[in-house]
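Heads up, there are several structures right after this.
Each of the next two complexes has chain A plus one other chain: chain B in the first, chain C in the second.
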Partner chain A sequence: MDFSWIHDPFYQSYFWQGFVNTLMLVAISGFFGFILAVLNALAQVKGPRPLAWLAKGYTTVIRGTPLLVQLFFFYDGIGRLLPMIDGIRQSIIWPLLTNAFFFGCLTFTVSVGAYAGEVIRGAMASVPKRELETAKAFGMSSWKILWRIWLPRAIQICLPTLTGEIILLLKSVPLVSTIAVVDLLRAANIVRSETFLVYEPLLLVAGIYVALTVVLTWVMHTIEKNFPGAKPQKSALFSRL
Partner chain B sequence: MGQRTSAAPKKGKKTLHGYQSEGLADWAGPLLQGTLTTLEIALAAYAIGILLGLMGALAKLGKVRVLAVIASAYSTIVRAVPELLLIIILFYAGTQALTALMNALGTDGRTEVSGFVAAIAVLAFVQGAYMTEVFRGAILAIPKGQLEAADAYGMTAFMKFRRITVPAMLPNALSGMSNLWLILIKDTALVSVVGFEELFFTAQQAAASTNKYFTFYAIAGVTYLMLTMASNAVFSKAEKLARHGQARS
Partner chain C sequence: MSDSTHHSQFAENSQSCAPAVSVSNLHMSYGSFEVLKGIDAEAAEGSVTSIIGASGSGKSTFLRCMNLLEQPKEGRLEIAGETVEFAYSDKGRPVPVCKQVTRNLRTRVSMVFQQFNLWPHFTVLGNVTEVPIHIQGVSRKEAIERAEYYLEKVGMSDKRDQYPAYLSGGQQQRVAIARALATEPDVMLFDEPTSALDPELVGEVLNVIRSLAEDGRTMLLVTHEMRFAREVSNQILFLHQGQIEESGTPEDVFENPSSERCQQFLSSIIH
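The block that comes next holds the complex of A and B.
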């Protein structure tokens, strides 16, 4: 085992860049993916028929195909067709459309929207009917019920599952190394090709991922514990009875 | 666009891998072959993964301390490291180790492990870690009394395992197992990164040599989708069968 290359500032900068890109990918696609997931779940649970079907179809297709294939489909498949659109090269978004990092974010967002959407849809279905009826009895409008009761309760129910989904998102980040985004795996591959070390850089990346998984799990558990109404408030309940 | 290129010779030139680079029809055969390869490595890895998972779960639940520690280290570490990273590490390490092993056992000392075997071994190793957790949970969900009854009847450990534990935990394990099968089918695409020729690798070659990226990636996607949807149908049938003797909740 030879880890002397770690002291080289040149390799350090690659690993740092890969580390930052990894976190940014998780943060950006986690954020937008979650919004997409809520919209997806809403469309399936509450939307008009055609919209519900569309959302169901989107979820089935994304969940039924490999993420790697989706990544190549967006980056190479659609990315190569884009220049054929007239005037797109002059538009402001063109720099974005030639950026591999952007396609990574796009693919992961679409993926999270489908996987987390399915989780949230299931959780929305398992919110006790009585609570929704109570809200209705209080005279809440259906949007208010959705916003104040249904969605928060659903997310509270499925938060542990969503934690798992975020870990899965983190673990799928190395895929972007195949479309020339500098993530940790690509940084390791650069070191490997220059130092001819087969395992050491990869083992370092594996170690970083284990550490990141532990930290992320801890962060999510803290959020779960502090989520409104997460603790079973037995004492308060019994004192009122 | 199409008009201008039609002046070029009708027959596409030979590509690196010897296929004609003309159009969709020429790639139908290779793509079908790739699909079969994908199915083969998935099925083999699944079978080995189930065995690894059973062993892991028994080791984790068993009384032998060393085995329990090894099994939980295996399932924890493998599940914390990204699949692609594991596949790359194991592909190199596994090929080396298997080659060394076969050389040690083998006759002439120049045995090379094929990509096919390496792909199956790597996917099975990853699958086994997840399977360990599925089986562990399913075995824990068996009512204690059933296992104690088996002991009371004087069954040997193996007989208890074969006649009681496996049939009783199977209904609990099936939904997890079906999830893992779907994940496995999708994970087979990852071995294309280390250059193994399965469905997605073939689709990449087809896309690159015909310059029809959109079409071939869409075809690959649809093929995977058909595989996963067909699997879903099979598993929901299997779950109904396995739950045959269970009380309905």
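The block that comes next holds the complex of A and C.
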């Protein structure tokens, strides 16, 4: 085993950049993806027909195609078509549209919106009808029931599943190394190509991912435990890794 | 018997007041299956009416019509100062009750369910303040005062910051009663409030309901607890296949029921 390259500041900066990009990708697409997921679920459960179909179609297409294909589709497809729009090169969002990291975030957001949206939709269906009916019996309007009872209860129910989704998201990040975003895998590949070491850089990547997964699981578990009305439960951290 | 002096005194009270609930010719169907076949009933203000009858006779449906959780297809309902006439349009669909009327009615008629139906993501206090704050527009401070008052009344003050999952069934039902009381309703509906409870927890809930009866709350109560119904009620309605087969004071209904079906039902319950 040869880990002497770890002391090289040049490689260190690549790994650091990869680490930061990984966290940012997960945080940004986790956040916006969750919002999109809620909107997706709402559109399917409560939206007018055409909107519900649109949301259903979006979910089916995204869940039915490989994430890598979607990534290429957004980056190579849309990314190449956009410059044809008149005046777009002069607009202030142009730097964003030429940025591979942006397309990584976009692809993952769209993906989380579909997968988590399906999870939330299912959870909404599993909230006992009588809890909603009770709110109705007290004169609550249907929108208020949605925001105060239905949605919070659904999130409470599916939080453990959402934890699983976010960990899958974390482990999808290396895909962006194919569109020239520096993530941990790309940093490792740079080391591998220059030092001809096969395993050591990959071992470091694997080690970092395991650590990130443990931390992320712990964070989500803490949120679950402190979610209003959570049932008493024993520590399930290690049983769920 | 001390019991009978107890409720005859209630009966006197209630006779002097106008009816708080008045139902006439109420018909209700699920699809083509007619569940209520023309119900006429009245309940005086401050009185307790118990609705008894076999499973499937339409007791829950009747109660659910009182706060429009089910829409009757025909008849008239006067409750909590609102009058609602039910009718079918030419196309055979029920004419929907005006939203404002529905809302007014529901905020003044509150219901206690067999399964408690507390909202699990709110604390006890959150459950009890939810309707006053978010539906009735009461200030947070006043809502909390109200909640504390009614939680005290049902003996649940010490659990105010607890979540429902940590409470026993009897405790949950008492909180559900406090939740219903905190809306300061004109009429309270109870649908088998003790049927989902372990036998040793039934008493604590019945005691709370009994104290409400003594306060002179207008209540409609569906129950299988015949002794209790007899003790607290001013009026008993016996429902059979969607019709009122027998009605009257507890003495009338329990001691000399004129309907044969009511006699059969009572003897089947007692044995």
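The working rule: the second predicted complex is superposed on the first by the 231 of 241 C-alpha atoms of A that agree within 3 Å, B and C clash if a C-alpha of one lies under 4 Å from a C-alpha of the other, contacts with A are read in each partner's own complex, and residues count from 1 in each chain.
Heads up, the rule we're going with is that a residue touches a chain if its C-beta (ideal position, glycine included) is under 8 Å from a C-beta of that chain, and two chains touch if they have at least 3 such contacts.
Quick caveat, the model's predicted, so the values are computed rather than measured.
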* To do: Look at A:149 in the shared chain and tell me whether it touches chain B only, chain C only, both, or neither; answer first, second, both or neither.
  => second
* To do: Figure out whether A:54 sits in contact with chain B (first) or chain C (second), or with both, or with neither.
  => neither
* Is A:178 contacted by the first partner chain B, the second partner chain C, both or neither? -> first
* Structure fact -> chain A contact check, chain B vs chain C, more residues touched by chain B
* Once the structures are superposed on A, label A:216 by its partner contacts, choosing first (chain B), second (chain C), both or neither. => neither
* **Which of chain B and chain C A:45 touches, first, second, both or neither** => neither
* Asked: So, A:23: does it touch chain B (first), chain C (second), both, or neither?
  -> neither
* Touched partner set for A:199, first chain B, second chain C, both or neither -> first
* Asked: Can A:97 be said to touch chain B (first), chain C (second), both, or neither?
  -> neither
* Asked: Once the shared chain is lined up, is A:72 touching chain B (first), chain C (second), both, or neither of them?
  -> first
* On chain A, positions contacted by chain B and by chain C -> none
* Where on chain A does chain C make contact in their complex? -> 130-131, 133-141, 144, 148-149, 152-153, 156, 227-232
* Which bits of chain A are touching chain B when the two form their complex? -> 60-61, 63-70, 72-73, 76-78, 80-81, 170-175, 177-178, 185, 198-199, 202-203, 205-206, 209-210, 213-214
* Could you please specify the touching residues of chain B with respect to chain A in the complex? => 77, 80-86, 88-89, 92-93, 182, 185-190, 192-193, 200, 203-204, 207, 213-214, 217-218, 220-221, 224-225, 228-229
* Can you check the complex and tell me which residues of chain C touch chain A? => 67, 69, 102-107, 110-111, 113, 115, 117, 119-123, 130-131, 134-135, 163-166, 183
